[in-house]
Each structure stands twice: as C-alpha cells, then as structure tokens.
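Following are the structures in question.
Both complexes below contain chain A, partnered by chain B and then by chain C.
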Partner chain A sequence: MREETNNSAELLNVENLTVRFPVKRGGFLSRKAYLYAVDDISFSIKRGETLAIVGESGSGKTTAALAVARLVNAFKGKVQLGEHNFLELQDEALRKARAKVQFIFQDPYASLNPRLRAEAIVREPLDSLGIASPQEQQVRVNELFKSVGLRPEQQRLFPHQFSGGQRQRIGIARALSTQPELIICDEPVSALDVAVQAQILNLLRRLQSEMGLTYLFISHDLGVVQHMCDSVAVMYMGKIVEHASRKDLFNNPLHPYTSALLSAVPSVDKKRRAETKRILIPGDPPDPIDPPKGCRFANRCPVARSICKEKEPPLRALSSTHKVACHLVDEKAKSPLL
Partner chain B sequence: MSLLKIENLRIELTTRDGIAPVIDDLSLELGAGETLSFVGESGCGKSMTALGIMGLLPDKIGRIASGTILFDGEDLTQASDARLREIRGNDISMIFQEPMTSLNPVYTIGEQIAEVLRRHQNLSTAAAWAKAIDLLDAVRIPNPKARVNDYPHQMSGGQRQRVMIAIALACEPKILIADEPTTALDVTVQAQIFDLLRDLGRQTGTAIILITHDMGAVAEMAERMIVMYAGRKAEDGPVDQIIEHPRHPYTKGLISCVPHLMASLSNDRPELVEVPGIVPSLKSFGRDECLFASRCDRADEKCRTQRPPEMSFENNQNSACWQAGDL
Partner chain C sequence: MSLNQEPIDVARSPFSEAMEMFRKNHAAVAGLVILILIVLGGIFGPFIYQGDPFEMVWAPFSPPGEEGYLLGTDYLGRDLVSMILHGARVSIAIGVSAAFLTVFIGITVGALAGYYKGWVEEILMRVTEFFQVLPTLLFSMVIVALFGASLPMITLAIGLVSWPAVARITRSEFLRIRELEYVMAARASGVRNWKLIFKVILPNALPPIIVQAALMVGSAILFEAGLSFLGLTDPNVVSWGQIIGSNRQYILDASYTVTIPGVAIFITVLAISLVGDGLNDALNPKLRQR
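Up next is the complex of A and B:
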C-alpha cells in the first residue's frame, strides 16, 4: 500500500480530518456526548482536477467541505493546501491564505446580500482581504462579469433583479475574484431549474480549463458528478467508504453502499434500466451519536457478515486509483454483490 | 371510458399586469391504473393543473375560465365546494413536495391518518386507529404499532413522505396526484418511494399523476408523459418513444441538458446542450405565437407570429411545434 502524499501535483491533501459537535443527550447529570459529523477522513485532489464528494443528507459531505475552508473548526486532522497546513495558520497568514480557497453555495437566493449591488458583491472579498487598489478592483470586476457571462450594465443591479441562474453566476464571479486555487462547490446547481443547470455546469467546466482551477465538488446527483469529476469520494455517516477515479467508481463500484446509490438513480437510458439490478437498502442510517462499532453500513447491507458488525473496515487501497472500506472486497477488486 | 378526461381547460390567474392563462387549452385523458407524468420547468403550469383538478386554485386570484374536467363522468368545474370536499381525499388525493411541512407537528401521525378515515369513511375511532396501523405497514414503516404514536419530528424525511402517502391512500382514491414527491429526498429513499407507488398502483388500480422535472424519474415511473411549457402542452405521448425521439425542441432540450447515467460510461464529456434563457413571464402567456420561440435555435418568422397547432403522429405522439415533422 503506497501513499503518494508528497506528490507536488496535489493541491489539496486532507489527512484524518475529524469534525465533532457537542450534543445534549439525556437529562440532568448526563455525560457530554459528541456527534462525529466527519470522522477521520483522508483525501487529496490533484491541481486542476475535480474531486466530487457524494453521499446522502447527513453523511457529512458539507461539514467536511466547511472544515477544509475553515468555516467550521476541525477537531483533528491536517489540511495541506499547497505549502500551507491550512488548519494551523493564524491571523494575517490565515487571512492571506483564505484568498486561495473560495466557496460557491447551493442557494443563490440566500447567499447574496440583497442590499448590495452585483458589482459590490463581487468586489467584497477583494475589499475584505485588502487586495488591489480601487481602480484595479474595478478592472477585475469588469473582467469577472465578462467571464461568467453577465453584461457590464448588470453590475449596477441588485440580486432580486436577476434570475436564479444569473445569481449563481454572480456567486461564481465572487468566488473567482480573489484568484483562488481551490473552489469548493457545494451543490452549485441543485437549487436551479434543469435547463439552467446545464448553463452553470458548462460555465464551471469552461472556467476550470481556462484558469486551471481545482474543484472540490459536493453533490448528491450522481449524473452531475459523473459529468464533472475526475475522482469521487463516497461518504456514509461521516466516513469515506470508497474513493476512486471516475472510471473505477462508475464502472466497478466496490462498496455495497456505492452500488446501492448508483442503482437507485433513475435513468432515461433503456439499456441501463434493463441492466441495472436495484439494490434495495432498507431502513435508515443508524443513530449518528451512537454509531455501531463495526461497519456503519452493516445494518442495511445486503451481504453483511458477522465480521462487519464486529470490526470497523479501514479504507484500503486496491490500486493507485481505487480505495474502499469494506471487509468483503478482496485483492481482486470484485464487488461483494456479484 | 377514461377515469379522468380534461378538455380544453383554461385556467386564468389575475396578476398585477392583467389576466394570464396559466393553463391554456389543455386536454388529456387518464385511465384507471395508469401513470401519467407532467414534465417541465418551474412556472410551466404543472402544479396549476393539479390544483385545478383538485379544486384548490388560489382563492379570488385563480379560476377555471373554460373547459371541462370530467372525473368518472362528473364535471368537476361545475361541482359545488361541498362535493369537491367529498371528492378530495376520498376519490382524488395529493401528496406534496415537502414532507416536512405537510404534516401537522402537534398531532401524532396516527391521529392524522385516522382523521381522514373518520371524516371520509365514517369509521369509529377504534376502527380508524386500527386501519392507520395497517396503512403504516402498507407503506413499509417498520414497527407500525409503536410508530403510530410518533410525532412528525420523530421521523426521517423519507418516513414522513411515506406517512403522507399513507394519508393520501387511506380512502383508496382512484387518482393520486404526486407533486414532486421525492425532490426533497435522497436518491435511495426516492427509489424506495417509487417502488412503493408502483406496487400500490398495481395492487389497488390507483391511477397516478406524477409531476416532476426529472426525466429519469419519468422514464422509470410513467407510461405516458405531457411536457408543459408556459401553460401549454408542448408535447405528449408514450414515454419511451418521446425519450427516443422527441418531436419538440423543448423536450429535446429537457432531455439533453441533464447529464444522465448511461449503461456505459463515456470517456469524452462534451458540453451539455444548453437551453438558453428562462421561462417567459406570465405577461406573455396566451400570445398568438410559439412561447418557446425566444429560446429555440430553429425558430423562424412563423414561430414568432402564430401559435403552433398540435401535430399528431402515428405512434400517439403529439407535438405543438411548427417543425415537428422535421425533427
């Protein structure tokens, strides 16, 4: 098992990231309990590529992204971004480094300040991080409006005067303003109408190839993920259960949860519908405050054995592009469902 | 005779800019046990059709201007409020997108299911309670005897939507209208809900109207579909045939603007087909032109000046496009 952690091609390398939240449990004299929203996960992204984190609501994908950007505090772990350990930076160094990581949010209706004009929204990160003179800022805002496909005269408008897709373009321009290296896209199209989604996805891919951007792309829509990503991490209850290249994950899903997830996606393709055997996973995920001691998916897994309920499976590398956390996958990389 | 037959339905909304036809000359038929899907972007009239059938159009603002909605031979547009109340929940029921907000937080789910049974079927309290437990079992809530006493906040989103389905199915309706029933849910839960709806449709012969924007869901669930655009029917027909060969540029756009999971993973990922622009505002609804023309790359002078009539094809596909024959 060889790790390629010191590869200079990697922009982001996350190790053992853990985020926990205190929760109230029981009544008087109750012990303090924690919910581990993100539990000891590791992943990396190569410069200029897209890693998608997929998983269902509550799996911890957004919390992981927020922790990478230091928008929530990590309990433990390391986030190596270029030459910085991002989690250890303080004060001025942190402020400077923040320009390198920007966020695109899910809801373009809630993520823009309704009282600011579009140009001010896009300029705000430059102001608050103290980048560039006012004249230079204006030049950059002009360029950004052009590259996200908005007209110059739209700079003077307020958010409510834009459609959902246009607002998301403003959000993208804002994220690009500080010339970041890593952009975290948290469900960037799920609040948009289907016809508008294509416009935004095309824009994100075009900007990536023009500017060499690196994306951490969070989505629950596997069709969109398949179109956008170079590699995928699948999360379930705070853990990464499978981490693989696009090709490996979609052609040879190994973790039973990944298989179930893929088989649940409805498809317009007749052939796919005929070939896909629906893997039903009954019930709901277990209580995240008190997770089971073995594999967290064991109680819903169609092929679980006794070892799965006893021992937690580690994330193992089967090849340089495929890692999986399942006891039942052997070295031949064959799905336990087959 | 079909179970539901809508003819030349026109629903008007009064807005600040005047009266807009949000449903403009819609006709459709639905047979018992059939699943029909409405597809289109927001603001195209999918939900308005559902509310029109249910007699739930917004008071004072919305009204049925002309046309008929025949349910089992009875014209619902002429029915009294009392009669509509009888039909709603009993013969035609509806589930909504938001399972979080559709349940009353201060009553247990058992009370909310039993209420429907007592009101519509005059069951005694004990009998209604027993049937509520049966219904929870039918929608596959584990341990229904205990869960019947739960409040909505004690359940997950998928379970709440299953409770909504239990309420909707309590009186064994002839038609179930599902308005984006799985949009707020995870994909594995969506698959469970779809399985449930399919099985129930098969067992009870309930016809389902599924409103969605997801072509994959349509392909999975429905036999026939109607593509709505700006209050008008753009295209309708058998689902498989439309997906294979759409006869309206809007349908074509809706199918190809979304990256779908296919049987084999393609290596090259070309740009997605964009449908430029957005749905026109209510102001332009009802004009004598193709309302899609401003977003269509094939539009010509005729499209901008005359509303296209419905063109029928041999395979029961109909398209309201001047160029449907060439597509």
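Up next is the complex of A and C:
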C-alpha cells in the first residue's frame, strides 16, 4: 500500500519470514522446543539487483534462502514474488511457480545427479515443468551451454568427468534454463578454489547484465559480497542486524558485529591494513534454542550496555538505504565503536 | 592453454565404470562364470541328458561311476545326474523369483518410508519390524503348510520373510539421498514426487540394493533347500534340498546321495556370494578409491 511507485520495482519482498525446527530435548515428557533458525526477517530486492545475505555458519542465511525457494517450510511470513505470495502456493501451483525461482547450490559435487548426463541435468527443469518441445529444449540447452562457457561436446559427459568450476557452470545453466526471475545463489563459490571463484563470479555478473537477473546471494565471504552486490543484509543468530546498500555498509558499518566482520577481512593493501583495527569478538554465540531476551549479540559485544541485555533492539531505518538493529546507534548514524 | 582446449573423454557413465571394475575382480568373474554354467545346465541339461528324474533306472545305491551312471543312483534307484540337473532349475528359479519378490516389496516399503518420513515411515517401519522379528523358518513353514507346498507358494513364503532387510537398506539410502543437493535441485525444478522417488533417488540408491538382491538369491536357494529338506516342497518336482531330505536316512550307507546335492547347493551359493561381493566392490565408490 505504501510507496506504491517504489514497490513496483521490487521483485521480491520478504516479510516476517520465520523458520523453526522442532528439537528433541531430554525425555519424552519434556516440552517441545523449537530452534528458530530464521527469526522474523524482512527484506526486499529490486529487479535486476543483487542482495547479499552474510553471516557466520549457523546464522540462518542458508535456511532463509531455502525457505524463500520453498525448499524448507517456513513457519510464518510472506514471500511476495510478483503477484504471488510464494509461501501460500500449494501443489500444482507451487510446482509451476518454481520456474520463477531457481537455486544455485554451494557444493558442485553434491548438486548434480551423478547418473544423469550434463545435458539431462540442464534439461531437467524444462522437462518437469513441461516448458518447450523436445527440439526447442535441445536448442535451449545448446544456448545455455554456450552462455555458461561450456562446449557442446561436453553435453554428453557425466558429472564426475567435470572439474568443480565446470560443475558449477552446469549448475548455473540448470538454474537459468527456466528463465527465472530470481536466482538464489547459496555460497556458489565457497567450494571452489580462488582462481575458479573469480571466473564463476564474473560469469554470474555477466549473465546478470545480459539477462537482467535478480540475485539473492548468500555468502560468508565479504570480499565476494563487495564484488557482487548492490545491498547487503547481515544476519546473526537468525536475525538481520544490519541491512544497507553496499556503499553504506562497507564505508560506515554501524552494528558492532558488522564492524567486527569487516575488520576480519584480510587485505593485501598495507595502508588499509594499518588503518583498520582488528575488532575481536570473544566467546561463542549463545544457545540458539534458548536465545537471550535482549540483543543476541550482547554477550560478545565490546560496547554492550545494560539495555542491550534487557531489550531486543528493533531493526530501525536511519536512512532510505541503511537499517540497523542496535540500541547504541543514534540518529547521526555513527558507529558505537568509534 | 585456455579452458576450452583440454581433451575431452568419451562419456562414461557410473554404471559402465562399475562394470569395468567388476571385470577386474577375478573371484567375482569366476563366480559369474560358474553361475552361468549352472544356469545353462539347469536350462539345457535336461534336454541333452534325457531321462525322467523320477524314473527308476538301475539298482538303488549304486555308487557314482558304476554302470554308466556318473553320479550313481539314490535309494529308489533314480539317476542322480538327472535329478541334479532338474533340481538346478527349481533352485535357480525359486532363488531368482524369491529375490525379485523380496526386492519388489522391500523397495516399495523402504522408498515410501524413507521419502515421506513422518507417520508413513512410522507405520511402514513398524510393519517391517513385525516381519523382521518373526522366526523366519517357522513363519514360512506355516505359510507353506497352510496354503500348500507348490513352487509359487514356497517363493511367496521366502519372499515374505526376507523383504525387511531390503526395506531397511532402501529406507536408509532414501533418508540419506533425499537431503542431497541434487534432490533439492530437482525439487526446485518442479520434479513431481513419484518421479523424485523412482527416477532421481532410486537409481542412486540402487547399488547396495543390487548387492543385497544378489546375495538374496543365494539365501533363497538355501531357504528352499531347508524347506524341502523338511519335506515342505512340491513332491512332483525335484529340488536339491528334497534329494538331501529324502536320502537322509541313508547318509551312513550311501553318503554320496546326500553329499552330491549338498555340493551343488554349496557351489551355487558360493558363486552367487562371489558375484555379490564383486558387485559390492564395483558399485561402492568409496571402496573404488582404494
């Protein structure tokens, strides 16, 4: 309703997405406990842009991505994609709508069916969604192989005959086959070595500009994120703690956790290395099944005050491009660490 | 050299690589050759070596080699060569068809339980456990005793008591594979449930099931021998177990009447085990790297 003109550019609008998993604790008479892997997060992506979700292992970023693609079930929330609320679709409608959201997986060694030839892997979505005739499908597969940089002769090979980078190219071709509106990339390069990482990232960027793709990009590598994204959401223990444009986030990180993450990025630039002070965060994240009632980062935060342990900070907008969930950030948008 | 100039291999499927691995395993190939000979003997033997296995051809208890009877005669003076050849048919037929039945029931139950999980799995696995805790020989004896000792009924009895092992293997493979990324990718591509089960997950779950099925043929042959030794068999059909059973009173006087069919069972089951082991090594990618 609000900002109707602004919303029209948004391809994906996620509101209050929550994913929980039942956990077994103690004996069978104990009360049912839930782990909130993703706890009430909201974000949106404009058409043709890339949003990165970053965070450490276990922060819920992959679960959030899987929930958006309906590969795990969300407990509540809304995933608005075009005119559909993706979370409300059932059975056949969901199956058809899957063409619009495709997924690129982290591990190229696990994401390709070892019994199918490369061409069959790329054709699978077209087949199962009944897109195009067999001849048209073949034409499309040929085009896709070309655009991800694989040779046509390689179509007949099986996954184990490819290298990691080539396998990831097959995964990308498969994701592109249905001409999706949104592609979710779940750490697409973290399993590859550095030289190949750059090739794949550049391929993803080239495809984005050629086809006008929209990416939801999951990563823990801020270097990669800086290379790829228009805006960034930082997750910690199932919550978004900071959500900003790339420029704002990298130039003026406000949440102490974001600052710590950024300070941990290694740099070969001597000057930059001298300037940035490493911010160490001691300890481990608290128990995710029974999270603290205040800010979830309070027990590790170098500047936490008493209010942080009592009240959970809401995600507040400081400007149109910068939101942060921290009590200690004032309207001047100055990092509490400075 | 750019990425596009490396030489490419001919497409080699995981299956053809496994078969190559199998060919390099001498024990398994030997087992396969013996098995093929036994099957050919069962199929064509009775045409080449003619004679009714139930017919009295010579004096009882004539030892092997005497009077032109290569393996001698049993207590009723029947030709043991003819009996062994006819018995091979029955043993192999029952072994193979019982294994098929076992695999069919086991895969169906295991696949549904492992794919759908939840209450479907609960119910199916409780049923599986029920069949697993039944004393197998006793249960199959009851079936044969109640419904008659015909070959189909014996096959059914063996199949009904041996499927739980296959169901459990299938379920555990499904539980593992359904979480793999390529299955998720297939789901994200809108692949339907039945196709996920039978076209995506099942082919990848097959290797251990194939091995189990091969070994199942051997154990079904042993099972049939056990039942017919106890007299629970079709009296109009010769089987190896039945030859042993009917001659067991004379084991001290004419031990060869019991030994010869026993050796036939032993060699057959050994050959099947060798093949099964070879398949296991060939189909298990972790072993392949050794």
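Note that in this section the second predicted complex is superposed on the first by the 331 of 338 C-alpha atoms of A that agree within 3 Å, B and C clash if a C-alpha of one lies under 4 Å from a C-alpha of the other, contacts with A are read in each partner's own complex, and residues count from 1 in each chain.
The working rule: a contact is a pair of C-beta atoms (placed from the backbone, for glycine too) under 8 Å apart; a residue touches a chain by one contact, two chains touch by 3 or more.
Since we're looking at a predicted model, the values are computed, not measured.
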{"item": "Partner chain(s) touched by A:I45 [first = chain B, second = chain C, both, neither]", "value": "neither"}
{"item": "Which superposed partner A:M237 touches (first chain B, second chain C, both, neither)", "value": "neither"}
{"item": "Partner touching more residues of chain A, whether chain B or chain C", "value": "B"}
{"item": "Which superposed partner A:V14 touches (first chain B, second chain C, both, neither)", "value": "neither"}
{"item": "Partner chain(s) touched by A:R174 [first = chain B, second = chain C, both, neither]", "value": "second"}
{"item": "Which superposed partner A:A110 touches (first chain B, second chain C, both, neither)", "value": "second"}
{"item": "Partner chain in contact with A:L71 - chain B first, chain C second, else both or neither", "value": "second"}
{"item": "On chain A, positions contacted by chain B and by chain C", "value": "none"}
{"item": "Residue ranges of chain A touching chain C (in the complex, touch as defined)", "value": "66, 69, 71, 95-96, 98-99, 101-103, 105-107, 110-115, 117, 124-125, 128-129, 149, 151, 153-154, 156-158, 160-161, 171, 174, 178"}
{"item": "Touching residues (chain side chain B, partner chain A) in the complex", "value": "41-42, 142, 156-159, 186-192, 194-195, 213-217, 219-221, 240, 243-244, 253-255, 257-263, 265, 267, 269, 271-276, 278-279"}
{"item": "Residue ranges of chain C touching chain A (in the complex, touch as defined)", "value": "3-4, 8-9, 11-15, 180-182, 184-192, 195, 200, 203-204"}
{"item": "Complex contact set, residues of chain A against chain B", "value": "56-57, 163, 165, 193-199, 201-202, 205, 220, 222-224, 226-228, 246-247, 250-251, 260-273, 275, 278, 280-281, 283-284"}
